[in-house]
Structures are given as C-alpha cells and as structure tokens.
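In what comes next, chain A is part of two complexes: it sits with chain B in the first one and with chain C in the second one.
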Partner chain A sequence: MRTLASFWRDIAIAIVALAVLVYVGIAAETPWTRDFLTSLFAYGLLAMSLNLLIGTTGLVSFGHAAFFALGGYAFGLLLQSSGFLATFGPGAVPVAFVLAVAITAVWALVVGLICARLSEIYFAFLTLAFQMFLYSVVLSWVGLTGGDQGLMGGIPRPVFLGIDLSDPIHRFVFCAAVFVVSILVLRVVTASPFGYTLRLIRDNPRRAAFLGINVLRAKVISFVLAGSVASVGGIILALFTSGAYPEWMYWSQSGQAIFMIMLGGINQFFGPLLGAVLLRFLNDMVLAYTEYTELATGVAILLVVLGLRRGILDFVVDLVRNRRERTQQSEASASLKRGPDVSPDNKAATLETVTPRA
Partner chain B sequence: MVNVEALATCLSSSACIVNQLSSGLIIGMLLFLVASGVTLIFGVLHVINFAHGTFYMIGAYTAYTIYTVTGSYFLAAAGGALGAAIIGVLFERFIISRVYGENILMQLLVCYAFILIVDDLVKIIWGAQYLAMGVPDVFRMPPLRIAGGFVPPFYVFLVAVAVVILFGSVLLIAKTRFGKIVRAAAHNQTMVSVLGIRVPLYFALLFGFGCALAGVAGALAAPVRSLTPGMGVGILIESFIVTVIGGMGSITGAFLAALLLGLVRSIGSIGFPLFVDGAMFAIMAIILIVRPQGLLGQGEVR
Partner chain C sequence: MTYRTFGRPTRRTVLRGAAAGAAVLAAPAILRAQGSTIRIGMPTILSGRVAILGQSSEAAAQLAVSEANEAGGIDGRMLELVVRDSAGKPDQATKVTRDLVNTEGCSVILDAEASGGSFAVNETVRDIKVYCIHTNSETSELTAAPKNQVEWVFRCARQGIHDAVGGGLYAANLSKEKGLTRWGTCSPDYAYGRSNTAEFMEYTKRFAPEIEVVVESWPKIFQPDYTENITALLNSAPQALYSCLWGGDLVAFFDQASLYGLFDQFETVAVNLGDYPVLEAIKALPTGIHSGSRYSSTVPDTEANRTWNDTYRAHSPVLPTNWAWQTYSGIKFMVEALKATGGDTDASKLAEATRGMTIDSPFGVNGTLTLRESDHTLIDYPVGYGLTLPEPPYIKNFQMTAWDEILKYEAEWKERNGYA
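Let's turn to the complex of A and B:
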C-alpha cells in the first residue's frame, strides 16, 4: 500500500491524460487524428517498453519487435479461431487479450533465460536472432499465419461489457485506456525500488551482485515485463489494422524502435514516447515528398547520433541544467567582484570560479 | 514438417548427395567470406559491424555493373572487392570511428542508418527489381561429373577463391608486418601510436579489408544469386550466426561454422524446406547455451 501511495500523483496524471486523449479523439473531426493517435499508442508502447530494457536495465535488445508482433499475432489468431469464439462467447476479446500477453510473456521468459546471461554484444545478437527465427516461422507456416500476406480476413471482435471494438470511437477509447494503464505500469515499475535495482544493475552489475541481488533474475523479470508491455502495443495495432503482418517482426522494426528511444532520449521517462511521435511525423512528412523514406530516416539518425549524441529530451534537459549552472556561476563571480565575502557558503563557489576551467 | 522420404531418397543416391554437397559448399563459402570480415573487424576494433551485409550488396552490384560494361568477370570481381573496400574505409573514417568506445546502442544505430541509406541508394541507382547476372562467359563450359552428380565449374572457382582467401587472411594477420601492427594496436593502442605508427590509418585499412572480403563474396554470389536491395540483411544475419557458432574473432572457427551452416541449408532444403532458418537458429541457440564462446572462440562472453 505504501508503495502505491507514493504513486497517487502519477495515477492522477494518468487519469487526466486519459481524459484529454479521449476528449481529443472524440472531438476530432477527421478520423486521421484518431488513427494517428492509435498507431502512436501501439508504437509508443513498443518504444517505452524497450526503454525499460535499454535505458533502465542496460540491456540493449535488438529483437524487441518480436514480442510486439507476437502479441498481435496471438491475439488475432485466437479471435480468428471459431472454437475459441464459441467457448468464450462475449468474453472472447478480454480472454484473448490476456492470453496473448501471457503467451508473449512465456516466450519472453524463454528468450530472457537464454540471453540475459550473455554479454552486451551477444545479447543484442541473440535477441535479434530469436526475432528473425520467429519471423521465419511466421513466413513459412503459411497455413496458420498467412505467410508474407499476414493475418487476413479481419479479426472478429464480439461485443463485451457494452464495448463494441468495431466502432471507431469505442475502439479508440479502449486503446487509449489500455495505453495509459500500460504506461502507468511502466512508470510504477521504473520508479519503484525494483526500478532502482535495475538501474544499479545497469550501472554496476558486480556491485549489485555483491549486495545480494540476484542479477540474472532481475534482468529476466525486466525482460519479461518489457516483452509483455510490447505485446500490448502489438494487440493495439492488431485491433487497429484488424490483422497482423510479418513486417511487424522484421528486424528493421526493432531498429526503428531503438531509434525512437534514442531520438527522444533514453534518460527521461517520456523520452521514447516523444521519439515515437517525432518518428511518425518524420515518416509522414518524408512520405509526402519522396518515396525514399529509408534514406531520409537514415540521414536523420546519423544527424541525431553523431550530432546531438543523445536524445532530444536528454539534450534539452542537459541544456537547461548547464544554463542553470552557468547562471549560478556568474552570480558567484559577481559576488566575488563586489568584494570579499568570506561566508562559508560562498567559498565553494568562489574557488570554483577562480580555478581555470578546461 | 520433416520430409523424411525425400531426405532418404536423396541420401541413397550419390548424384543427389554430390549436388547438395556442392551447393552447400558454395553457400558455406559465401557465408564464410562475409563472416570472416565481421570477425576480423570485431577481433581488432571491438566493434560489431552490423552493416557488414551492406558491403556484400555493394560488391554484388558493383560487380554486376562492371561485368555488363566490360564483359570481364575477373575485372568485375576485383572491382566489387575494391568498391566495397573504398566505401568501407569512408564509412569507417566518417561514421564508425566516431562511435568507437561509445556504447553499443550508438554503434547499432549508425549501422542501422547506413543500411537504410545504402539500400535506398541502390534502389535509386539500380532500381528495386531483381537483377540477374547469369553465369559469366568464362565459366560457360560443361559441368564436371562427379559420382553421377553435376558440379558447375564456377562452383569450383568460387570454393577455390574462398579457400585462398582463408589462408591469405590468416597469413596476413599472423605473419605480416601489417597483421602484427594491427594486433598490437588492438591490444594497446596508445603504446603502438607512441612508437610512431598511425593507428587510425591501420584501423581504417583493416576495416576496408574486412569490407573487401564481403565485397568479394557479393561479386562471387552475383552469378549464382539474384541481386536485390536488402540482400545484405539476409546474409548479415546468417553471417552473425556463423560468427556466434564459430567463436567471435576466430577465422578458422568461422570457416567451420560456415561449412556447417551451408550443409544444413542445402540438405535442409530437401528434408525440411520450411524449417531451414529455424534449424540454423536452433543450432546457434544450442551452441550458445552449451558453449557460449563458440566452437573455437576464447573470449569471455558472460
């Protein structure tokens, strides 16, 4: 209860955010806003959950889109099976939702147990390899997955609790609620003591082990959590497109997710979300002028990585921090000019201004 | 899923065995050439070149163009290697060298960006459709008959080139002055530069050499495979699997692993055509669990 109590502020923010999203979605005159926001929910969850691995735990996964796509495929396949629909009747959608997340979590557990013991480069490799393995299974198992055509024929969405997901407004509100709750889960995890454990593991795994933390277990938990949240993103996308497509688990999808979090900033909680927004806009904008979107994205990545060397939100935070330090410094040097002020508070500042800076 | 019958039929005929072995051998050799570049660059520069498959593609397209213009396949192969090497040195100087020592995230991203850019450039220059070079005129002669199976002469040439390159690169790294300097610099960069050796130059050359290997592979693959933008990614992932199985940094290990994967692919295409990729990944996962450093690797991976 105590832990939860410290999150009241976050919960309140989440409620307000949800209200704003729902208002914007319903008030929107064209479906474009709703569509854009819904795809943003999906890709935002992909990026935000990946950052739990990369930014918080220090696990550079190159295969995160696998879980995203697996969630979408599992959800779609369950609902497309007539036996499943008959068994669960009106409860089919929520049951499929939970089962799809559970299936992804189990797969993430298997992959995590194999990969989390390895060093950085091997970890990146192996997560990529598992993703491409899943990709090749989806492509070759045409009978089940539709191969390179994707899951066709639409996903049946029986009405549950008065929610009709084939109605655009209902669907939007449902996706927004799922999105906000998932973000809240990520927030609680990163800000909880467990989140601090993960950061300790990122910065100094050996020390974490000395303190009695089971590093492997913490990494695997983080991996499974991130995979599950990513699968929720995939489910949203499957609902939105009423299908599931193999491109979702192609390696470039993972690369894109990594770029999203890098672009937004990995040290701020909402950095990845900003990155997702920016990349979606960038794609739409470039597509309006040229079909060579990859070329433009590539150039943008090089500019951000080699130019800024960090995400935009990280850059802004650093900028503000530097400016604040500089003002403090100039105040200190001003007081130095005014005359000798030997109060102990100012000593440090004075010393700092006198020493030549590199 | 496994077609036991087809597999048994094939294994009982020597002609089929010869055919599958020879096609497995050339797949393996192409994989080896790309993977040895990855493993060389990693061994010395401690950077994973996630964009290595792109140089394979550059080699293939360059060779295609030179062949259609001049009609000489040997010139085309040399040109493919040279083109990949030149772009590789530029890539190293202007992009990769800026992320040495940075975290792997940065290295991953610049390589990803490079792949995207080059793939689109290839689409702009050569178009998005599949291109086929066809077997060069020099090798248009009747296939060799070995135990009832047919082996195209080009396959023999391809395997010979790969074996020569295997010995060449091992000698280059182990015996020559260039190899010694590069190995020393990998160990202690500062010390080597204090001796008056321009370490960045050697690093760039080594990177270019690794890319040239991929370029040769692309040029050799051009007559037997179709060319398409994005062809680099497929071979990249397979060559990663090769480096992981063989052991990161070991060229001989890469050779063995590439042979293994080539055979799995060619025999698998008869026995379990839908699960060929799956089988490769399964082998890699088993190796990583049982022997994480790879068959011949010594480095610490945990």
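Let's turn to the complex of A and C:
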C-alpha cells in the first residue's frame, strides 16, 4: 500500500512539475528560457538514464551516449525518408518516435547481452568499444548519415493531433511532456522492487545470485531501460537542433554525462539532473565571456570533487542528515542532563526516557 | 527613533509600481525595439588547432563593421558584432547560434564556421528563420544540394567544386608538361578532405586521362604524427602528390615531411598552402610547391587588394587568411542588404535584397563579387594556382582559371548529381 501511495504521489508531483515547466516556458519573455530548458531535457535524460546504470545498478558505462545519439539519428532518418512520411502521413512523428526508441532498445539489448557478462573496467571499456564502433559506422556511411557533417536538410515534422513541432511553443510543451514522463518511468523503476534488486546487485552481486536473482537478466533489463530513456533524450535534441551529429556519440559525450552525475550527485535521484543544470548553465555563462569553456568546467568539477568529495546534492543531503542527527543527539543528551520531568503531563515520556528498554 | 509606517497601498502606488516593474522586465526588449544597434551574431572557431582562422575571420568582420559604422551605419543605426566560439563542434555551433539570436538579440547571423559547423548552423537558421550568410564552408553540397537550400541563407565562400575544376585543369597541364602519370593523395580523413580530394582527382583525370592514383593516405584531423602517412607515400613512390590538409595540420605535415625529403622526390600540389599564417608557420617552406589562391595580396594583383591588405594588417595582429577575405565580404553583402531594406532584418526581405547581388570588392577577379541568384552562392572570386617562394610574397606566377570554364563544368557536375 505504501508503494502504491508513493507511486500516486510521484504522479502528482510529475503533473505539477509539468505544469510549472509549461508555464515557465510559455510565460518566458525570450526564447532563451525555452531553449535552455529544452537542451536540459535532452542532457538531463542522458545523465539520469546513465545514473540508472552507475548509481543504481553499479555498472559504469563509458558508452552510454551511443544510445542517446542512436535515438536522434533513427528519429531523424525515419522522418527524412519520403517513403516513411508517405506511409504514415500525419502519424509519422509519433511512429518515428516509438520506432527510434524501439531500435535503440534492440541495439541496447544486443550490447547489454554481451557487456553485462563483464564487470568494472572490462564492462566500461566494452561499452566504449561499442560506442566507438557505432561512431565509426556513422562517420563512414556518409550516404545515409551525412558522415561528420551530420544529418543534413532538416527533419520534417508533420503536424499530428494538432501538435506542430516546428512551432517553438508546441515543440517545447511536447519535449517537456516527454521529459517528465521519462523521468517518471525512471522514478518508478528505481522505487520499485526491481530497483531495489538492482541496488542489491550493485552492492553484492554474489549475494543476489545466491538469493535466486538472475543477475545477468536484471542487468540487461536495466541496460535496455537506460538506453531507451537516453534515446528519448537524443530525440529531443534532434527536434531541438533539427539534425543529428556524430559528436553526440563520441566518447567525450559519455564523459560529459559522467561529469554531470559526479557534479550533481550519484546517490540522489535528481543528482544527475542538478549536475546537468549546473554544467549546461556554467557552459553557457562561460561561453558568453571566453572560449576557455572546457578549462572553466574542468576547474568547477575539480573544486566540487576535491572540496565536497561527492556530488553537490549528495553533499547537501548528507549535511542536512548530519545536522538533524546532531540536533537529535544534543536534545537527547540535554534531556538526560535535565533529569526526569515529574510533571503529570510528561510522566509517560519521562518513564520512557529513564526506563531501560528490554 | 521614529519608524515610517506603511499603510495600505493606494491604486496610484500600485500602478506606479507595476509600471516600474514592467519597465525593468521589458528593458532588453525595449532597447532592442528602439533599434539603437543592429547586432550581427557570428559563430566561429576560436579555440583549438585552427583557431587562427577564426581569429582572422573575427578581425576581418570587425574591420568591415567599423567601416560600415564610420560610413554612417544603416540609416544612422550602428552595427555591432557579437562573436562566440563553437570550437568547431556542430552541436555547439547550433547552441551558440540559437543563443546569439535568443539571448544576445542578434537579428542576423554571419556563420564563420568550417563545414561541419556550417551545416548545423544552416539547419538552425532554417528552423528559427533568421537571415544568414555562410562565409567559410567550402563543401559544395552546402548550397548546391537542393535539400540544404534555405530561402534566406547565402554562402560567401569559395566552393570545392570551383577549386576542383581550376585545380584539375592546372594539375592536368602539369601532368602533361612533366609526364606525371602516378599520383598520390594525402588529405584529412573527414567529409571535406574526402570530397575535395575525390573532386580534384576526378577533374585531373578528366583533363589528363592517362594518370592514375597509386596511393591514398588519410591522416586523422588534428593528427600530431604523420610518419605513417609519409612512409606510405615514400613506399609507393608517386610522381606527384595532392593534399587538401589545411591550417595547423598542413604546417605539421610539411614540417615533418621535409625531414624525410618528401618534397624533393615528387611534385606537390597543396590547395590550402597559400594562407599567410600557414606559409609563415612552416619552418622551411620548400620552393616550387603548387598552391591554390587562398588569400594573397597579389591575387588579384590590384591596388584595391593591396590597400585592403595594408588596412587589415594595420587593424589586426592576426595575418589575413582565406577565411578573412570571405568573412569581410560576407559583412559587405550583409550591409548592402540591410541598406536595401532600410535596416529591416526580416529574413525574407533581406533574402530578396541579397539574391543576385553584386558588390564592388578588392577580391573579385573583375573588381566585383556576386552572390548568384540561382543557388545563393559566391562567384567571380580568384581561382588559380601558383608556385611557392621561401620569402614574401611566398607565391608567384599565379595561373587563374577563367570563370566561364568553371561555370561550364560546375553546371555539368550539378546535372550529374541531380542538383540542377
């Protein structure tokens, strides 16, 4: 019952969050707010889906951006196909969306089945190898992908259900809705018994296996889920940029997602999202004044890592928890020093305080 | 001590406060609406190995903007250039372009990106409907392929296919003259390098069918060590070499290849060698390398071109490059278009004014440059080859290709590719 209650609470929070995002996006005086938020939706999903692997399952993937980019490329290529547009007409965008996620999920399944048998650095480097393989395919298959110049000619977006994705407001609301639903999916997965199974696998895979859990299957499901959500991020970015580019699946893109997680916090659900906000914001601010963006972001991450020794949200949560514990301890010791309060109102409490529990 | 007490605010106070608040919130919009300046957004490459080209673009653009402002601006409205670094990354170029329009209030875009970034900018300005002139991308497809064409986008830059026709004619004559039938290539392994090299060799073979390519070497972009490529070339012993390496890559390749005596062993054609920063950066510039007419104060050999060269150098610490003259010319076209619309930055109106426009220019072979109406691209700029000298002016004996020849083969190329 408690799980069900928290599920409904999450849905309520998601609805409120979506309403706030839509309001902020529509009410914004300049398009900058919508642009910033839209790119944040894309990179936020990349970071949060990666944290399903790193933070929840304990699988440090160096090749996660491959799924992000594959989603964008599949979506763009499907919509650039005149045959596809003719076949699905006004329904082309939703069909391309679903197919792009499905294609990415199948690729994630293939990669996951191979990589999830390994652990630690071997897993990390094999995922990187698959990412660079895909990167090479995109660069070499110029006729299909445009090679290093990315998808050219724009992405057609036929109107569906009254939604015109070439309109900035429609596109923003659509991306916001897709983002919130994707976050909700991640939340449901991590808060479900399956999510706790993943944490058990992260903390002690051998013990999980002894308890009868099929560890490989759970890891592969986690891998496919994370890849699918990352592909949604790629689709949002493809819609935003009206193209797809090989840089999205270069190894440094996966590295950037790991930086976001490190910056925001690995142990909190919204830590990676905070990291994405900070990194994008820092990048935008620095870019306005100097071309040394990478130096500035590097210094910021270094300061967080050396100064806090964990992500910002992890640090804040630990700080609040420690203060609360210290307050409780000091209250308890103060209560002991005061001795028993004999007033009739506090008789029961006094008895509980001074009477040793059995 | 007395305290000032605040009663319930009157209707007038509320209205005053609301007006003040609205004024503060709307200040940027009001400033833009007043149109005190017209802001030109310029994404380019300011970091990394080819940053010097972006820096020369920025210097040239600033020079053109200063000249326009000194001449009274656009009906008294001044121009302002806002430059941002894309690091040559397409997704960063997209983001920077959007920010320039949406955050910085730029109403037109001068895209001084290399090819990868330009395609990204092209899609962005198509999406947000902002007038744009590309000034540095040479990949022919950018404006030749119908799917990339955008009504309000133009390209003020040399084009790969134009260079390929000129280079092919030059190389074919060279081959016939010196009996060079075995060619090798060493070009960067990305879209520009591959398409440029393929087009160059295609036209060389077309005009001299007896030649063959015996070795192809594809160094990665920004590769530090070219030993492997140099060894491959030496082992295959071609009689002539073609390279479209550029910027810092070309300097590194020349410095390393000179150690192996590569340029003593066969004729070399390097289309991108003729940029001053490259020519001055190579430690021991070999004599007799065939180079394209990138930027030279003597091509075209006119008083106007020499004067521009002097003015630019007085204005900028960065040497002039191919990117510099193209970006300068891009701003000149933009200024003329803005004058024609009376400062109206509506994309369609500016496009209407720019289509088929001809301006007087120190870089035009006949004193003018034209943005062709049919595909919005630049013609009548110098296309030719000369031979290197170890000291200034570094290149001599330029042989120019006539534009009617270039246009004839370009039209055929377009038809063959289904672009016409």
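As a convention for this text, the second predicted complex is superposed on the first by the 326 of 358 C-alpha atoms of A that agree within 3 Å, B and C clash if a C-alpha of one lies under 4 Å from a C-alpha of the other, contacts with A are read in each partner's own complex, and residues count from 1 in each chain.
To be clear about the criterion, contacts are C-beta pairs under 8 Å (C-beta built on N, C-alpha and C of every residue); 3 or more make two chains touch, one makes a residue touch a chain.
No experiment lies behind these values; they were computed from the predicted model shown.
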Next on the checklist: Looking at the superposed three-chain arrangement on chain A, would you call chain B and chain C a clash or a fit?
Outcome noted: clash
Next on the checklist: Looking at A:Tyr292 after the superposition, I want to know if it touches chain B, chain C, both of them or none. Which is it: first, second, both, neither?
Outcome noted: both
Checklist entry - Once the shared chain is lined up, is A:Ile258 touching chain B (first), chain C (second), both, or neither of them? => result first
Checklist entry - If you stack the two complexes on chain A, which partner ends up touching A:Gly147: first (chain B), second (chain C), both, or neither? => result second
Checklist entry - In the superposed arrangement, which partner chain does A:Ile121 touch: chain B (first), chain C (second), both, or neither? => result first
Checklist outcome for this item: Counting residues of chain A touched by each of chain B and chain C, the higher count belongs to B
Checklist entry - For A:Ser242, is the partner it touches chain B (first), chain C (second), both, or none of the two (neither)? => result second
Checklist entry - Can you tell which stretch of chain C collides with chain B among 224-232, 278-286 or 332-340? => result 224-232
Checklist outcome for this item: Footprint intersection on chain A (chain B / chain C) at 292
Checklist entry - What residues on chain C touch chain A, complex-wise? => result 25-26, 28-29, 46-47, 51, 84-85, 87, 89-91, 94-96, 98-99, 101-103, 115-116, 119-120, 122-124, 126-127, 139, 141, 145, 147-148, 190-191, 194
Checklist entry - Along chain A, where are the residues that touch chain C in the complex? => result 29-32, 35, 39, 139, 142, 146-150, 152-154, 166, 237, 241-243, 245, 247-248, 284, 287-288, 291-293
Item to check | Touching residues (chain side chain B, partner chain A) in the complex | outcome: 42, 48, 95, 98-99, 103-106, 108-110, 112-117, 119-121, 123-124, 233, 237, 240-241, 244, 248, 274-275, 277-278, 281, 284-285, 288-289, 292, 300-302
Item to check | chain B-facing residues of chain A, complex | outcome: 54, 60, 62, 114, 117-122, 124-126, 128-130, 132-133, 136-137, 140-141, 251-252, 255, 258-259, 262, 266, 292, 294-295, 297-299, 301-302, 305-306, 309
